[in-house]
């Protein structure tokens, strides 16, 4: 995964926005033109038939019948009136609709009378610290989904509907399962790529390379915390779904939801393990820095300790005491072996110093 | 958010005060002239009517009737006798009144017979580590609120009452919800501004600038811990409210309370994530300091290691051994190429040293 | 709070003592002359009357009647026979009596038939890491308290009894509440003073002063852990009391106990927050040390890097190569501008070095 | 245990693979030729008889009768059609079969109608961070096991069946217990070897040797986290099994399952303790590095502090001030005891310096 | 407590052994000659009588009658056949017997029909990281205990039986309580001695002495983790015992078991607090190391900064520029006050440097 810093910075905070205005009346829907324009399409299947349709007018909104499943898929949340009209047509609770528009909900399951409201969060391909809110309504014979942006991970589900897979033989509850399952499955490659990144950094640190490991590890850890938070929310939400005693969800769909919950738990496992690895690697990288400072210090001390005494000796024999004033004044300067003596003294001292450090093990790194 | 240190220091401890006197009889109300003087006003609405009134005399205190909602809003807690009188008029429990005056209660919900007592904590605009206690009593047809200081985040609620919004069609329980919701909503911009601060610091640390990051991070972390504590309290209190089987709270108000609880949980999520970020950034800033020490050390060691041997050579050829006493005494001094030889020796040594450090990768930062 | 180290050291371990002899029969009471001698006094109140009495003889021990409350207050645990006699007179369980004497119990509530046994722990004024055990027995019409040492925080309760406050109109359960409440209230000033200490240290660290902060923080953290442990115990004990379905405790006393529990939870909140602050400050102080090492290193490196090359140049022109042996031998020494050239070389080098460090930002701290 | 880095790197991520294709229909079985080819064998025992058979054709698949236990053991998961056929023959649920093929399941217990599906994870001998999935189906009179690779820890179970041990007198539930028990038992030597490694490192750090301790500790900690995760999964799964009210599991088998659960808890205990040790050792190793830096610094400072003043003195008496120009110019150079005086000055200074450091305790390490 | 490293190293791992052979049939008892040889003795008391007997032959095994309590105490687990025979005589479950022999069980309580099986762990006097397993069987009128080694903390219980204490008037359940209580009581002095050690180290660190504190703290922390683990196990086990609705345990024994549970909780409290202290001290010791490095650095920088410029000046005036070649060449050398000027320059520079450091507060430690 290529974490481009500018995007990362620009989007880091996007996942947390205040409600329209603090203290506004709950259930107020406000159009926001910075969002994508709203488009609608439906897939109606069951009894062997399949109709796909793009909805242009609100009066085209389908009325679901028994024996068929209608999936109304709305993309883009810019036009509050349209969404409000949909809410009225299908009797969706105002608070739920408000949650649809305020796209920073946690993943959750709420029950409003005979409609089940599920919020799930879909990963973006290009924004590591952001997620798209998908709001699902499960009603009798009907599933309504709201997405923030065009592009989703549901194509494989649509394909399975078109090919008349098992999904066509079952009710809307199974469709909800299939959609959530598709969202969850998209977490796998993300975590896998982070894991690969961690392995690379591990190799780099062990090889004592890679000075920028620490800020990369910090970034990865932040993404892992972000993913873990999302996964916990989905875990909670799926737990509610699995335990739900609700006539909207057929008993044999529970097995599939439980399977999906298993996947989330498995992902959480991986995220936790990777976070542990990440922390461990950060500590290792820190220790590596400390160890290097130590090594550098040792070189410095070695050099200083070896050369300082030698420099002193050279300095002493560079003093200008007058040999004529006294026989005590630097007689070495006139010895026959004076110069060799001084050089030998230096060499011997250097060897002793090096031997001392050798004995203390400073050369065995 | 601009965290001015002096205010921060002055107020840091204000949120924690001892009860009037340790061991005093519970239920004793003591006037405290350091507090704001007590003022009262009411809003009476329902059945399409709205009366706003400033109460000057205790005998003006309203008697609520069926079909209307009376909101008695008391600001300033300086005059214990007035508050005691209000308590007697509306049969509020002495312990609850004591909690009203001792403004360091946790957010909580207590049930005293047919009156529900809620404590919520409102953020101050200018004091990051302090919060104002708002005490709410929910009785039949009536809501009583006590605030410490003038100025609150309830204006938007008052406006909605004046405009005859949905709030006017519902009972006092909905008013309590609306007030709590207004308090909670005010946490969003605070957390958002802290988050922006964290992002700035993140950018600074990554750019290796900003030496004072650590104490700023410490401050932000402290505020986050403070906010998290408040949010946990509200979460607990709202959980009690949502689960309350109480005739004072209509069943369909529960949906709204649950929505408010959702907001608190969402805020907690953000606070936790920001706290994790904060800790991560602190560690990164620390590592940055260690890394810099390392870099500085490397420069020092490099310089020392390169220059010490050269200085020694210069020192040696500065010795005054007498060439007349012996042909062994520093014959180099009289070589034809003596001086160039010495300079070349130095240059070669320097190049070897630098090559050694190059090989060890000290120049590739 | 003035934490005098010697006392702190001397008393640190006092709060943890082994039972009389490991494996001794439970219920064995052993006199311990190192403890305070045992004295007894009673307060008997109710029906508008109040009798205070000092008990000298065991046969003076009061027999409680209906309609009055007897508070038998025993101070000093040196005389096991007296305590055993009291136990027999009022049918206290041997294991509870053993707990009275082994003064290192946790705060707790035990039910022995129709007697309720409560252990609470009272703070000492002068020993930050020690607490005094107060054992309370609640029986019909009677409260018995055992304290380790003279001096307590109950005077305010006694005063309220003497002044015929609400306490006189209620049963012994309310007295037990009032005593526990007095003990808990004494925790407030202690935590407040620790909080003030923390604020001071915070200010010192931010001002980069105060080298002994770390050991003071360690001490404060230790005291906070100690207080938190005590508060948790009281929280557990009060939770048991509040939930107790026991005829000894009147239903309307529960409201007061719950209020007391609220105080404990509030104190725990403060202790937790302060502990977080303490840890944060420790980390900040550590980072400050690292930052200073960094600053010191920078000065060292700067000086070394600037002066080493200059010293080398001076050393080179101090070499004694013989100018007469060769025109190549140090011709600079006989240049007309030789000396100024050397000094200029040094100055230019120094300026280049300083410019290099300026560019790397070593002067912008 | 010999942790070969290349294998460790290569396999670190193998334990986490995405499902066949994100969003694929659940229950889809896809052949994967990178897996081991599928082989089957059966052991049929009970009523004193034992038949072992290698299954080559799907029509050889045994039909279990009352009074006997059939253990169908499938190794290698390459051939999806064969596995699908087995699933159809014995009515195994498609989701369970999918889990069999996607070999990255957590250890778990699922109930599908009258078949119990257990996933356990078997350690590899040569891959410290990988585990093999063993899927067990417990049906009436029958146990079916799927393994990823040839080679397992079940030989001892097979031997006990061949020798007609207690296992032959009991039902398939006991066989499931015996197999899980064999898997769990294989964790003991792994943890034991890690513990021994930790002890070795402890000894090395205490002896101030072993610079590579930190990366080894990081590796061990990672393996411990991996093992702990597996053990937690098995603990959860066994808890479900022990509490299962299922006619497939005889009541007296519960005692054995509880015993197996005890072993897992014991292993968890060891893993937790070892992880604590590991963290402690990492901190100790870090402190050791800091301590060494300290020691090296002290040597450096000592040498510098002793030699710098001496070098300065030598430098001073090496200055060339002209004695003929002024009697003030370096008269020492012509003193009778000039040279001895300079040497003595140096010696005295050195002794004073050393004494100063001695007094500050720099020699007492 | 004197923690002798060799013993500590040798025994560190002893507390964790694999079962006889991985995958062996459960309930297999294998003789292990490395264990102590098995000896047996009984105490039979009740109805005022007491018989103590050493059992040499298996047919001497006592048959308990109503109205008496038989305590069969087996020491040493080397002879599996004897233990198997005892198991058969008293109908002990094979899995329980297996647990008796595999002496690395957690403290626990298991119920096998009408026999209660309790595992407790007794501290060794001389092995800080090891504990001896004591297995207790409570049957009707009978208690059977198995110990690994001779020597235990039960002498005080035996003495109380001999002296006809309260223990003789009660059933075998009270004997089990007394034995567990004796085991738990022996934890008190161990924790007390560790606490004293911690206080000593605290004093040493505060006094900036004691370089080996860190490895000692690591050792103490490891022991505390070990003790805490044991205490948690006992807490769990005693919780089961206290809550057990079992006819083997008389209701009034529950009070005593609860008292014993209280002791364990108290010990856990101390262990937790000590562990917190230990971690705090480790951090303090680490900070102390960092602080010292800082101090050493400051001395080094001071010396270097003061002497380097002086050495440079001496070097400059030691240059050999020829005064005869140019009047610009080092005229200072022939000044009348040349030498005093140079010395004064040096002194002034030194004073300025020292003043600079004084101003930056480097002398105020």
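Order of writing sets the chain letters: A, B, C, D and E. Residues in each chain are counted from 1.
Just so it is clear, contacts are C-beta pairs under 8 Å (C-beta built on N, C-alpha and C of every residue); 3 or more make two chains touch, one makes a residue touch a chain.
Everything quoted here is computed from the prediction, not taken from an experiment.
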If I list every residue number at the interface of chain A and chain B, are over half of them used by both copies, so same, or under half, so different? different
For chain A and chain D, let me know how many angstrom lie between their CA-based centres, rounded off. 25
Inter-centroid spacing, chain E versus chain B (mean Cα positions, whole Å): 40
Among the residues of chain E, pick out those that touch two or more other chains and give their numbers. 290, 293, 297, 300, 304, 308, 311, 315, 318-320, 330
Cyclic order, anchored at chain C and moving toward chain E, comes out as C, E, D, A, B
Could you please specify the touching residues of chain E with respect to chain D in the complex? 5, 9, 12-13, 16-19, 21-27, 93, 95, 99, 104-106, 108, 110, 112, 211, 214-215, 218, 221-222, 225-226, 229, 282, 285-286, 289-290, 292-293, 296-297, 299-300, 303-304, 307-308, 310-311, 314-315, 317-320, 323, 330, 332-340, 342-343
Partner chain E, residues of chain D touching it in the complex: 153-157, 160, 165-167, 181-182, 185-186, 188-189, 191-192, 195-196, 199, 202-203, 205-206, 255-256, 258-259, 262-263, 265-266, 269-270, 272-273, 276-277, 280-281, 283-284, 287-288, 290-291, 293-294, 297-298, 300-301, 304-305, 308-309, 311-312, 315-316, 318-322, 325-326, 328-330, 365
